[in-house]
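In this document, chain identifiers A, B and C correspond to the written order of the chains, with residue numbering beginning at 1 in each.
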Amino acid sequence: MEEILIELRNISKQFPGVLANDNINLEIKKGEIHAIVGENGAGKSTLMNILYGLHEPTAGEIYFKGNPVRFTSPLDAIKLGIGMVHQHFMLVPSFTVAENIVLGIEPKRKKFLVDREKAIKETKELSQTYGLAVDPEIKVESLSVGIQQRVEILKALYKGADVLILDEPTAVLTPQETAELFKVIRKLVDELGKTIIIITHKLQEVLAISTRVSVMRQGKLVGTLDTKDANEHLLAEMMVGREVLFDKLEKKPTEKNEVLKVNGLRAKDNRGLLALKDISFSLKSGEILGIAGIEGNGQSELVEVLAGLRKKDGGEFYINGVEASDKSPREIRKLGIAHVPEDRLAMGLSTEASIAENMLMGSQYDEPYRMKGIHLNKLKIKEMSKKLIKEFDIRTPSEETLAGNLSGGNMQKVVIAREFSFNTPILIISQPTRGVDIGAIEFIHTQIIEKRNEGCAILLISAELDEIFRLSDRIMTIYEGRITGEFDAGQITRQEIGLYMTGKNMNSSEEGA
Amino acid sequence: MKKRVLIFLALMLVVSTALVGCQNSATPADGDGVKVGLVLAGGLGDRSFYDSSHEGVEQAKKDFGIEYKVYECRNDSSLLNDQLVQASQYASIVAVVGFEFYDVVQEIAKEFPDVYYIYVDNEIEGIDNLITISYAENEGSFLAGALAAMLTTETSIEGIDEGKVIGMVGGVDIPVIRNFQAGYEAGAKYIDPEVEVEVLFAGDFEDPAKGKENATVLYSRGADIVFQVAGKTGEGVFEAAAELGKFAIGVDSDQRYINPDVIVASMVKKVGKSIYDTIENIQKGNVDKGKVVYYGLNQEGVELGYGTDDMVQFATEDMKAKIEDIKAKIISGEIEVPKGK
Amino acid sequence: MKSILKKGNLEYLTSLFISILASLLIGALIMMANSRSPLVGYGALITGAFGSTYSLATTFAKTVPLVLTGLATAISFRSGISNIGGEGQLYLGAFAAAYVGITFTNIPGFLGIALAILAGALVGGIYAFFPALLKVKYQVDEVITTIMLNTVATLFTGYLVNYPFASSQGKMGGTEMITESFRLSRLVRLSTLNTSIFFMGFIAIVIYYLMEKTSFGYDSKMVGQNSLFGRYGGIKDKKQMVVAMVISGALCGLAGVFEVIGVHYRFLQHISPGYAFDGMLIALIVKNNPIGVILMSIFFGALKTGSISMENAIGIPSELVSVIQAIIILFIAGETGFKNIYKNWRLKKLHQGKVGEENV
């Protein structure tokens, strides 16, 4: 029946200290959408990098259309029509779309000169053929993440890819963009006969898009099954290796007093454009206020202003009645806001520092970790780290391990452990489970609810609507730097909130006001 | 990224120093003659000052059967003391070349009272086993200036214009070099008070590229002839002269052989000869202990060298006669040559 | 010491050790290519560096400026700001010390020494402060400014010692000698080793403590690794960089001070043969570890001292040592070096065994 396009036989890949792929056998059929799922660190990306020629397997063979092949570099894979879209895009931001797409195999004029006209023309044709609308002459840096991904896909197709590997394609996308991407994927498969391999850890997406699904766990392939035979529960169990209980999180009634008051806050983004336009809300103890919105609508700026990392442009905010705008990050922490940043690698930790050093951040000026205003008490720091490692179930050989050697989930737990341990009355938590595996998500959600139940006021920002709905007591929507709606949880459905997130409600509400 | 750049810079640095002096310097010594150590602040291969001193001990080896070793500091101030100590431990006569040794040689000479020190190019008195040799660079340079002033209007030579500008590239702005400068300027004015003397300092004795740069500037300002007083840096002056079709005057050794087509003459400072003489005197036992020995025109310590007869001579016989005349007047005291400050 | 022997460090130490060994091996090959025995050559090098009290003293005399400039580099690099201007700071610091030594001639010796040290550190620190300020205020690349300020400092001091402060004795580019009572005394006959090594030891301990045991050192490290993380955690990252740069400049200034009051007893126009750059190499090799700086400085000092003996004794050019140093840096600073080769080799062995088992 269906032709087997690619076959991986007994593939193993050893990295220093880790057996990333352990004797993997996998078949990819022509014209299928094959999902590969697994928790972070299960070896999905390694396997795909082997298939794309980025890594050479330590053992095992790859067969393409029945013939053994050996990839020493991605060029070998590209020659056979295998293309890959990485999780972190490999685009030159200052180049135009067309320039990025033809990069490396530019159409030439007089042998040496890049034929710009032709590049633009070819890009246009390409985007028409595949129904992926892009403006060839716009610079990549000014594109949204979703469109950038589209450019990446086009780039692979331009190089003649028949098999497309998509590494966590939805990790950076909004629900709308995800839906859009899935349309594109279906079209590529149904109408144009391409084969898609999609790596993900989001089970709903797997069920929605794939024809077959392979589950990986700890470097091994646990099994491959037809998607129609799978369900979320089964896949989760295969991924984690035990039964996963999506417990109903228990929210206790709490006393609610206003602890954070934000009044007409305005702020500019890095480009100097007004990103926050008149934001006002109040946050009460013992509640989780979720902010739903498509990324880039001012959430980051809002968090940064509240954390003292960005100057406000107008308005003010009060922590327990004390004016806190224009205070330094340290003063704000003292006043009562701890903050889990959206990007743990960029802001939340130093990958080159040990776990203990990462956990010290923010307390390095305080007793008992610092004595006599200068000397760091290594013993106390070690004690504290050990305690947090245990409390937050951080899987690490020791507190001396470099944070960069941890998995995404464990890194995130380091950040959360540190920020939660400040015991501040207010917590700002941004994208708490981005790039984190299922087990850790469960754990982190439980911790957040526990904090809430203890009476902490939590401002939750997440691109994952599921997360917002699961945790929040109240939900606000943000669009283009304004709050477009505020609801008690349970008052609103996902579909409705989607409208507020894209500002579609605006006209009617403004008319009403 | 920045780190990469730094590493690259660091490597460039190390490799460039490593490449500078890769010739094998020390001459293995055998036999049982008197041992001489030659300690240089710089390194051999400058075809100038240090090489000249090397020729002196080499000649002494041939004539008196001495043995010798060369100790190069390669312009590393941290090695001055070490090399001098090592030489003192090896030899009974130590020739020390370079103004940089001024303090060190006094200190070490006191520690090795049985060793004779011949210190070239400075003036120290009162240490019994230390003989210093001082050259009247200004006198020799006076002759060089006079010759340059005569040549700069000699339009019959291709490449020389009517302008009365001559130049000088000094190594580093230090007293010794300023002594050259003073004589050079005075000599030129002596011939023709209208001659302009442009002087630039390269800031380095070891960098031909800087010499070339500075010489090019001087030539572009109208100088036809540039006097180089810059050791190895001066090789760049010769290069610039050759490229631009201009002329140069060499220094320390008779450098005409390097490029007889552009080097019209050299102000020879007979470092080698003076070391040779002093070694001879020490062996004969007739030295003035703790004294400064002056080498001027009178003592044939400095002179103007015209190369060998097979080279094209830019200086005419008339000019040479005029130079001889001036020389006699300097020796007799009729002309008083100013000293550099 | 225990913390140095952590696993990551152990890996690094192994690769450092292999790198040094490999470069010495290449050095041996070069000697053999020139038909000299490497045994005799390295023998002469070791004797020259450690063979007698004098040679030992000379080796340690060489380490004084290297340790100071090495630590200077380490503290700035670790804070994420690159001080390439050590040479200029050293020259100005040295000149400041000389100025004190020829001006305040009638104050007691210990006071004069303290004043010279203070002046040198201050001048070096101030000279580093400006590029740091330009960096944090206007994002002017400090690598470029500090490199250029080197030239400014060497030319400026060159002018000073040839004109306003030129020595009246002898022909030389130098100031007058500093007052006798300000001179640090020599420790070993013939060698320039002087009591500045005790000052250096004290300074090294202070800097080590500062970098490794204090919140300041912690802040520096964090800012250097991820300045955004530092700012988020409440560190004033810009201030941290500026302070680190000033300390770095002060250390380079001190290196200059000790050259004047300990070694030459006057400022010389070419007082440093590039100590700051050697210090930079050292810091790069040991990845800004203060203890590593000290050990590597001794190693470099020994190489330099030994190479001179090697050259004088058997005619192997001392430049060979530069080649050896360059090779070490190539291996180490490239950060791949032997570490990965070794790892891959080990993994392959490991895996070959494993595959074999599976096949059975």
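Here is the rule we go by: a contact is a pair of C-beta atoms (placed from the backbone, for glycine too) under 8 Å apart; a residue touches a chain by one contact, two chains touch by 3 or more.
Keep in mind it's a predicted model, so treat the numbers as computed, not measured.
K.L.:
Based on Cα centres, what is the most central chain?
P.N.:
C
K.L.:
What is the chain whose Cα centroid lies farthest from the Cα centroid of subunit C?
P.N.:
A
K.L.:
Looking only at C-beta pairs in contact, point me to the busier pair out of B-C and A-C.
P.N.:
Between the two chain pairs, B-C has more contacting C-beta pairs.
K.L.:
Centre to centre, by mean C-alpha position, how many angstrom separate subunit A and subunit B?
P.N.:
71
K.L.:
Roughly how far is subunit B from subunit C, going centre to centre by Cα mean, in whole Å?
P.N.:
It comes to 34 Å between the two C-alpha centres.
K.L.:
What whole-number Å value describes the gap between the mean CA coordinates of subunit A and subunit C?
P.N.:
44
K.L.:
Two-or-more-chain contact residues of subunit A, please, as numbers and ranges.
P.N.:
Subunit A, residues with two or more chain partners: not present.
K.L.:
For subunit B, which residues are shared contacts with two or more other chains?
P.N.:
Residue numbers touching two or more other chains: none in subunit B.
K.L.:
Please output the residues of subunit C touching subunit B within their complex, sorted ascending.
P.N.:
34, 54, 58, 62, 65, 82, 84, 143, 155, 158-159, 162, 166, 169-174, 177, 189-192, 263-266, 268-275, 277, 280-281, 284, 304-305, 308-309, 311-312, 315, 317, 319, 322-323, 325-326, 329-330, 333-334
K.L.:
Applying the document's contact rule, which stretches of subunit B touch subunit C when the two form their complex?
P.N.:
Per the stated touch rule, the residues are 2, 5-7, 9-11, 13-15, 17-18, 20-26, 28, 69, 71, 75-79, 81-83, 85-86, 90, 99-100, 102-103, 108, 111, 121-124, 172-176, 179, 203.
K.L.:
For the complex, which residues does subunit A have touching subunit C?
P.N.:
Those residues of subunit A that touch subunit C are 12, 14-16, 23, 58-59, 307, 309, 328-330, 333, 339, 341, 346-353, 357, 360-362, 364-365, 370, 374-376, 378, 400, 402.
K.L.:
Would you pull the subunit C residues touching subunit A in the complex into a rising list?
P.N.:
For this pair, the touching residues of subunit C are 6, 8, 213-219, 221-222, 225-226, 228-234, 236, 343, 347-348, 350-351, 355, 358.
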